[in-house]
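These notes are about the structure you will find just below.
Order as written gives the chain letters A, B and C; numbering starts at 1 within each chain.
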């Protein structure tokens, strides 16, 4: 069992009365992509700032690449790359000046810095813009520069705080490819996101964070299986309530010519289908939808979905 | 290159791109005020008992003082911008030491002051400034001025880090004015009523002005020079160590 | 309903808004502009009494000469305070919204001009009182004080025009700050501090071209000279003309800006 790249032990952060992060514990294995999934204000950024020495925890500990965040902050900084939610760039410097300055502050030699800066600018498609002011860069370019900066020291651990927020779909996909490439090279990645698809596509394991607490964790598949609903849609409005509910322990809604049955995670789809066939006579045109990560999230956090259907309130009651 | 040198170089690059604010601001208004004031009030030199040959000679150190304080906060504004853009976090993720970084920024203010003061001295010399202190005296005056400017900017640094508010930081700029009025900026002590003289005596601006005048007169007053240096060191020491602590505390929030 | 009443409605609204903002934050609007001239009057009257023997002041005394000048400086110091808001309004598009309700965008500025005129009154009163304490004189009594206050109000409104034009063109809320040096030059190169006879020729020429000189001379005459003289009349005329020019010019610049969109 290899030592984890990232370890959080009971990480807690109070801002006055507000508890932003509440006894968060998790670990990330080397070469893994870990997705921290949560809404705005759930504590993702605060967690990342604590893991990267930018913020002192109120209590708890974190170990990054074997270095304690509180006692060995310089070593932590040398071993990790970070991109924060808003690209931390000076709009008056050029891209090249930015990389050169950070590289030299990271204590690399002049020649090494120049070479590495050129290499990164090339790799992230910024060579043409390298000697223009960062203020003239597009949002996507600024994000790329920020990531290039995070990768300057070829860190074994990478923290990406909402790396694709505000990007167009094309740029998002390109960034996903880049992150997967980094994992292929052996980099450990912790990324925070609000985009369920992103967590689903990229993360080996996901941690769901809500109100500063880690409320669930596992691979996307495990989460879906443990917390996800499946939905059976039957054409025609049938009165399947009693029978199906006892089997599925879910809810049944009949409207617009359809009967929609939610099947809770631990119930058996096969039994439910059998019951339906016995009432409806047939299983033709029946659709079974696999639980999405969105369903998982809603189930876990109890948040009301805007396309309000009875099921969300029933779920809260259940 | 140390972190201080890197930060100095970066600030210098920004200044080169913005020379009006960086170098014009300390220089032009000071020259204007100094020149016009001495033109209007030149008659003061005819007041019986006036110690110098010309009022221009009296006001010149006042002009140098203005160049040290008008347009202060240039590098503090840059620090503020770094806080606003989040660039400061990027820098905090490197091993660079806060003291070193702040020292780098602050020394640029010293350079700014030297540039302005040199131009002012040069212009004054071509217009007949009495300088019995020679080259050494001129260098001493430049050093005092640069020191004063750097120390003065410490206040702005502290404000930038603790308030993170542009208006608050820039709002400190006019602070020099009331302090300068009740010093020997306008004229010698024998013109002052006693309450005025009491205030002026304990005014660091007076110490700087009198020290500078004494150097330029060829009879350096070591008392004034000493207390000016002590003030500069004290102010710089206090403001910069407070700034560095505040910077370190950014991680605690 | 004629154009004037049609105009005063929205103008009063803008005026009232400016007053509200000013009262909410009285420091920069009301008190700060008074501070430099107040301190100047204390410092300079304390130091330069002996200039009496060296310069021929028309009144015989530097102190009496300077106090009216210091009062007029109140109108110039902290000039164009509301221009920052004009720039901000342009930048944020707020002015576009106002424009939709009102005929003629100039009306939007009128309220502000009015505010610039009255906000200096406390400062003028303060410098007058302190000035009198420190050696100034007011032989013309209350009428003199009223006239000098009126002149200061007109000067403040006229001077604000410069800032409005700059604020409209640049949309920079730092305009009042950036134009500070202008105020210093304009005050120095007038008769606020020293009579023209005592100035070097280049300064004398500049003061001759400076409309503020006429206004300051009138203020001085109102306070310690002949209240009914042509000097006072000329000052009132120049100041009023200054306001008119400022209003018209700012309106024209604003019109051009808004029509270009």
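Just so we're on the same page, a contact is a pair of C-beta atoms (placed from the backbone, for glycine too) under 8 Å apart; a residue touches a chain by one contact, two chains touch by 3 or more.
Nothing here was measured: the structure is a model prediction, and the numbers come from that model.
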Chain-level touch network, classified as line, ring, star, complete or other: line
Closest chain to the centre of mass proxy, which here is the mean CA position: B
Rounded Å distance, chain A centre to chain C centre (Cα mean): 60
Between chain B and chain A, distance of the C-alpha-averaged centres to the nearest whole Å: 51
Averaged-CA centre spacing for the pair chain C and chain B, given as whole angstrom: 31
Touching two or more other chains - residues of chain B: none
Residues of chain A defined as touching chain B within the complex: 15, 52-56, 74, 77-78, 82, 84, 86-93, 97, 101-102, 104-107, 110, 149
Complex interface listing, chain B residues touching chain C: 28-29, 32-33, 36-37, 39-44, 46-48, 170, 177-178, 181-182, 186-187, 191-193, 196
Footprint of chain B on chain C - complex, ascending: 35-36, 39-40, 42-44, 46-48, 50-51, 53-55, 177, 181, 184-185, 188-189, 193-194, 198-200, 202-203
Touch list for chain B against partner chain A, complex: 1, 3, 6, 10, 13-14, 17, 81-82, 85-96, 251-253
